[in-house]
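The structure follows.
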Amino acid sequence: MAKREYQTVESGPHTYWDMLHPTIQKNYGQWKYHDRPRPGVLHHVSHTGDEVWTVKAGTHRQVTVDIARRLCDIADTYCDGFLRWTVRNNVEMTTDKEANVEPLIKALEAAGHPVGGTGNSITSMAHTQGWLHCDIPATDASGVVKSIMDLVYDEFKREEMPNRVKLSTSCCEINCGGQADIAIVVQHTRPPRINHDILASTCEMPSTVARCPVAAIRPTKVNGKPSLMVVEEKCICCGACFGACPAMEINHPEYSKLAIWIGGKNANTRSRPTNMKLVAHGLPNNTARWPEVAEKVLTIIKAYKEGGRDWERVGEWAERIGWKKFFEVTGLPFDKYMIDNYRHARNSFNQSAHIRF
Amino acid sequence: MAENKLNPTPNLDTLEEGPWPSFISGFKELYNRTGNTMVRGVLDQLNYSYETRMGYWKGGVVGVHGYGAGIISRYSMVPELFPEAKEFHTMRIQPPPGLHYSTKALREVLDIWEKHGSGIISMHGQTGNLQLQGVVQANVQELFDDLNKLGWDLGGAGATVRTGASCVGPARCEMACYDTLKMHEKVLKYFADLTHRPQLPYKAKFKFSGCGNDCANAIQRSDYAVIGTWKDEIQVDEAEVAKFIETRGVAYLTNNVITRCPTNAIVMNEDGKSITINNSDCVRCMHCLNVMTKALSPGKERGIALLVGGKGHLKVGNMLGSVMVPFMKMEDEDDIEAFIDMIDSMIDYWAENALDHERVGETIERVGMQQFLDAVGLEANPDMVIQPRDNPYFKAPYEKVG
Amino acid sequence: MAKREYQTVESGPHTYWDMLHPTIQKNYGQWKYHDRPRPGVLHHVSHTGDEVWTVKAGTHRQVTVDIARRLCDIADTYCDGFLRWTVRNNVEMTTDKEANVEPLIKALEAAGHPVGGTGNSITSMAHTQGWLHCDIPATDASGVVKSIMDLVYDEFKREEMPNRVKLSTSCCEINCGGQADIAIVVQHTRPPRINHDILASTCEMPSTVARCPVAAIRPTKVNGKPSLMVVEEKCICCGACFGACPAMEINHPEYSKLAIWIGGKNANTRSRPTNMKLVAHGLPNNTARWPEVAEKVLTIIKAYKEGGRDWERVGEWAERIGWKKFFEVTGLPFDKYMIDNYRHARNSFNQSAHIRF
Amino acid sequence: MAENKLNPTPNLDTLEEGPWPSFISGFKELYNRTGNTMVRGVLDQLNYSYETRMGYWKGGVVGVHGYGAGIISRYSMVPELFPEAKEFHTMRIQPPPGLHYSTKALREVLDIWEKHGSGIISMHGQTGNLQLQGVVQANVQELFDDLNKLGWDLGGAGATVRTGASCVGPARCEMACYDTLKMHEKVLKYFADLTHRPQLPYKAKFKFSGCGNDCANAIQRSDYAVIGTWKDEIQVDEAEVAKFIETRGVAYLTNNVITRCPTNAIVMNEDGKSITINNSDCVRCMHCLNVMTKALSPGKERGIALLVGGKGHLKVGNMLGSVMVPFMKMEDEDDIEAFIDMIDSMIDYWAENALDHERVGETIERVGMQQFLDAVGLEANPDMVIQPRDNPYFKAPYEKVG
């Protein structure tokens, strides 16, 4: 290897100040309030009297240099060469000229980026790597996102939901997509099959054993060589071992299913943040459009749109109307697997006579 | 000591001061009238406990013919110091549901008790027994027989079904959604055998509250908590509602009714001065009915909810019962029988599967609610939980493929 | 033993119907509403038009045949020979003659039974056996009740609290008193000393070992004989073993302390039922008046009376103002032992940015 | 295959339909312009995944000089089928806090990326990285050096401090209670060493949200969640409040503001048409400020709360961070340094005490919050809990006697 000439600068995150529009720099920390002139557009007013308009548009996250350059072109034309991405892969273009707003919207939409995702709309779906890149996925993520976003496209562009709706999808149970109002996550139904051929050479056995939350993995010998075995009665098919050891083959085209979770909420707004809860499982992993999953997601969205009160997030809606009602209005079947039986299960029992009819 | 006079009780005497009724004065009065030396012995030992800050009773085994429970036996650990307190057993008697008495019946009990025992009574024990405190082994059987002839029976103790408790219910409460007294009577009569003979892994308690106010403390203090509720709409007397708002004002209405509804089931109408109750959001918490007693009443389609697993904190931390049956009508004998059948299967499962000293709530927590439901033949229902699981750690059966 | 002549009738609870006043029988299940003409008096109106007045009065629970007979006398005079006890050891006398109410009140008070305990008063304190009868108590119960009720006597007779206040006390950690708005319960601070002399003969060893929630008890040999030992580092001084085995001597005149718990609520009213929480511990077991404990209880009551809103139970008040504020206004010190570290501790952590200042 | 043309991707083509931007079309466009065979290979393998419903990447070890993390290496498991997809590593780049870019800076990155890699970008990863997807090992160092010269550095991966994330903050949000972008930049720069070299039991993430709305998802998705808050009173513009009530009406006010306050901190005044906010009951949930943007603003005495322990559900179930420091002012460099010192001691304790693959939240749960507080030198504070313990299972030190 040739001698290294360049000396790395261990700089951490890139600096941000030089990335800000001059009007943003000038009013940094001075914002007074905002409103939304129309879906997809935010209007922020500063204590200095300055105003900015932000147009928000959807992207596919898995973009390319071409797509990013086109967005740069638009930002150069209308936003003095500045733009940002949101935590949900939307692009935001901020201008201090109201007159730029309409042409900016046009330009973004012309480039294929729907304008919307603000306020009480359904914003872009968080997604993960899937078959495109990850080493453990049981499904794709970008394809699920595309399939669902196509179907809620109008709700992205409107602000007609009771409150913001955050969707996400994850391609294995690990759930890198984080929790969301409505999330689609893989759910395995079968214990891993062990690939003894590669196990010893690929995996660190003690750490694979340690990874199992229910201590279902045990050392064993196969053909006289040390390997691992799974006690199938104990195994809860979580797939955690597969992340530690590729020989624990949990993925399966049929037995790896999809589940739907709702009511995740990280905001401290009104109610405390809450974890998302399981409302459907055993759905088929039907490429490339996942119709069975999509249908259920749409049903939930529809019921929420109809039944939710202003400012109620999906989980808050379900909690107000009650989970029984949630299952009624969505037509999803509640089953015993949805009753927690893990470590803190008792805390999820209805320890009250609070019951709705 | 042998004199017909109380011994000094310097450590207790301060408890005779102050406005609240004094149990010490009561005991002294009793002794002074009856001269029952057991009362004096107990006062002496209690005085010693207050002095040394230690207790001096130990248990033993005392019972009545044919029964295995119902008497809590107490022997002094220091009989040499307090020979008069050598034995001081308690007989637990099951009172009438709701703790209603006619003076006639009560006087009979008092007379029998004075005849055979100390005359001290704990009225009532936390579980609901009439506790006759202070009888010697030699008198126990006679005491019991005399009481039993008049319709009184022993309560539970040890690993038995325990004496039940019920709120005043329909006898004098407009909130009662079922007949707490009748149900208490029937259910506990049915379980008399299990009350009298320890055959269970541990204790099992029933409590009956007519509504969600839970005046019988059922949810925490019983394994099987029966709580009244209703299915249809809250009955509204519109005129009384209007009167309430007029008298109390919109601020009171907002701050004491609307904002206190746990599920925001009560909304302010557009007029800014009247309300609508969305009954499907209502969790039957009772609050608005309690505040607006005249205007609001429970609905007409009434019944019970069964919550299972309440108990004290040994060894898992305090447990509150949790919903096992969200609604069951409870109008006639058949309904009570259906209830009993169901409880029978729960007790059976528990008796067979519990660890020693494990209450049913602990068993359910340990084996998992899913298993328990399967075992007793109940369907999973979202009312059983405040929310579906928030972790993916379950295994549903493989779905057949191909 | 002489041959038994009498044949027990296994009758269970005594029947109730014959214990009811005729007007109660007539209006059974017909009640329409109630109000409280004055503290200590309830007025129930029936759909039939009938009315009854109930006078409620305190008793000491640990009563005698004399006291009970006196109450019967009063019931005979004013209530046609019927009376009842409440779940909190108060006596209730119901009459269908309004004119009887005042003389009834007088008679009860003359007999030493304060009239009150209704509505938003402090009602009678629940209590347990204590040194009077139990085999495992570290304190007395009746004495604590008497001491506290003397101090809140006026609040029993008035209705000036934000909502009903339920007190209780328990003479060991087992807490037969149940939970309450404010509860006084024993709290041991020292592991049990083992009385090896009696252990083998008195206790069933395996079940004693099994009783310990933290597996701190182990079989051992003492002077060559089988006995038990306690791993003191693990032992959390709960005293559970003492209930199973009198040789596990946990009680101590100094090391057995008193703790105060608040916010227990069994009612489903408004908020779901809640367990009571630890707010003070290490208080001395000071017979016969427990002044240190009483002072703290009174402080809590005072703060609640001043700060609670109408209909707020003690725990609901603390939850609205926040526990930090609760400790501030009561002057009680919060310490790390009040942070749960038992099985479900995580659920008590503040998993939100909901913070009051 | 070798032709300068895409292979058929029948299983993917349906994803080119529909109104939402299509990543497949994007990839195809890229390939058609650049002819980068890696893009074609990846499309082919993805098509195969859609057909067989299985993934075909496996990991390996790829890195840059001096660092131990930051590249996620991917090798095809079926290189015989898709030789063009043989290697497809991702380089994680830490973007500017708040994901703000000048087109100038961004174009530079795009150009460098196109030169050395596939041209595919994940913008941005869930943790917040700019993910350059599809580089072969041979190009990794050059790619990195070119970027590094312009101020870009690698993000975390594996058992490291991970790339941070921050909400837009003071750059364009009136709710921001501290400078999320500055704090993000400073803190992550400080931890650059731990970001680049795995020296920890497992990953550690930071996220910075300017207020309780938590637009950065800090509470669940970071071990160290920094959330803005304030200590004094909500700033109220009375005129705007009056205008709001006038326009929206009392019903809207009641049903959308008053009843939605989680602690009933907002009460209806006696007049039945105006409100009072009891700031001492307010938990800074943000709701009323969100609804009445013009009328209400955060107080002036601003700072952060630190919540520790958020993470995904492996192996204990999803964890939300919990309050470790209720308030800390965050106005200048000194404040940031004080913060960093504190985090240093938390990371030290965790690094020394955690099991392998155990995140800090799990460590705290396992050892107990009391121990953790002692170890990092924090005082117990009621803000850390939603309630004090409800079980007596603790041992306070003996109090000296005599």
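As written, the chain order gives the labels A, B, C and D, with residue 1 at the start of each chain.
Here, a contact is a pair of C-beta atoms (placed from the backbone, for glycine too) under 8 Å apart; a residue touches a chain by one contact, two chains touch by 3 or more.
The structure presented is a predicted model; accordingly, all values stated were derived computationally and were not measured.
Counting C-beta pairs in contact, the pair that comes out ahead of the other among A-B and A-D is A-D.
Separating the CA-averaged centres of chain C and chain D is a span of 48 Å. Rounded to whole angstrom units, the spacing between the C-alpha centres of chain B and chain D is 50.
Taking the mean of the C-alpha atoms as each chain's centre, chain A and chain D sit 12 Å apart.
Contacts with at least two other chains are made by residues 173, 213, 254, 268, 272-273, 275-276, 309, 342, 344, 346, 351-354 of chain A.
The set of chain D residues touching two or more other chains comprises 212, 214, 219, 227, 255, 260, 262, 264, 283-285, 313, 317-318, 320, 390-393.
Under the stated contact rule, the graph of chain-to-chain touches is complete, every pair of chains being in contact. By the touch rule above, chain A contacts chain B in their complex via residues 173, 185, 187, 189-190, 213-214, 235-238, 254-255, 257, 259, 263, 274-279, 281-282, 309, 319-327, 334-342, 345-346, 348-357. Contact residues of chain A toward chain C in the complex are 268, 272-273, 344, 346-347, 351-354. Remark: chain D residues 249-251, 254-255, 258-260, 264, 267-273, 313, 317-318, 390-393 touch chain B in the complex. Residues of chain B touching chain A in their complex: 212, 214, 219, 227, 229-232, 262-264, 279-285, 305, 307, 309, 319-323, 326-327, 365, 368-371, 373-374, 380-399, 401-402.
Against chain D, the residues of chain A that register as touching in their complex are 4, 6, 8-16, 18-20, 24, 28-29, 31-35, 44, 52, 54, 58-69, 72, 75-76, 81-87, 89, 92, 94, 112-114, 126, 128-140, 142-143, 146-147, 149-150, 153, 171, 173-179, 207, 210-213, 240, 243-244, 246, 251, 253-254, 256, 264, 266-273, 275-276, 285, 287-289, 309-311, 342-344.
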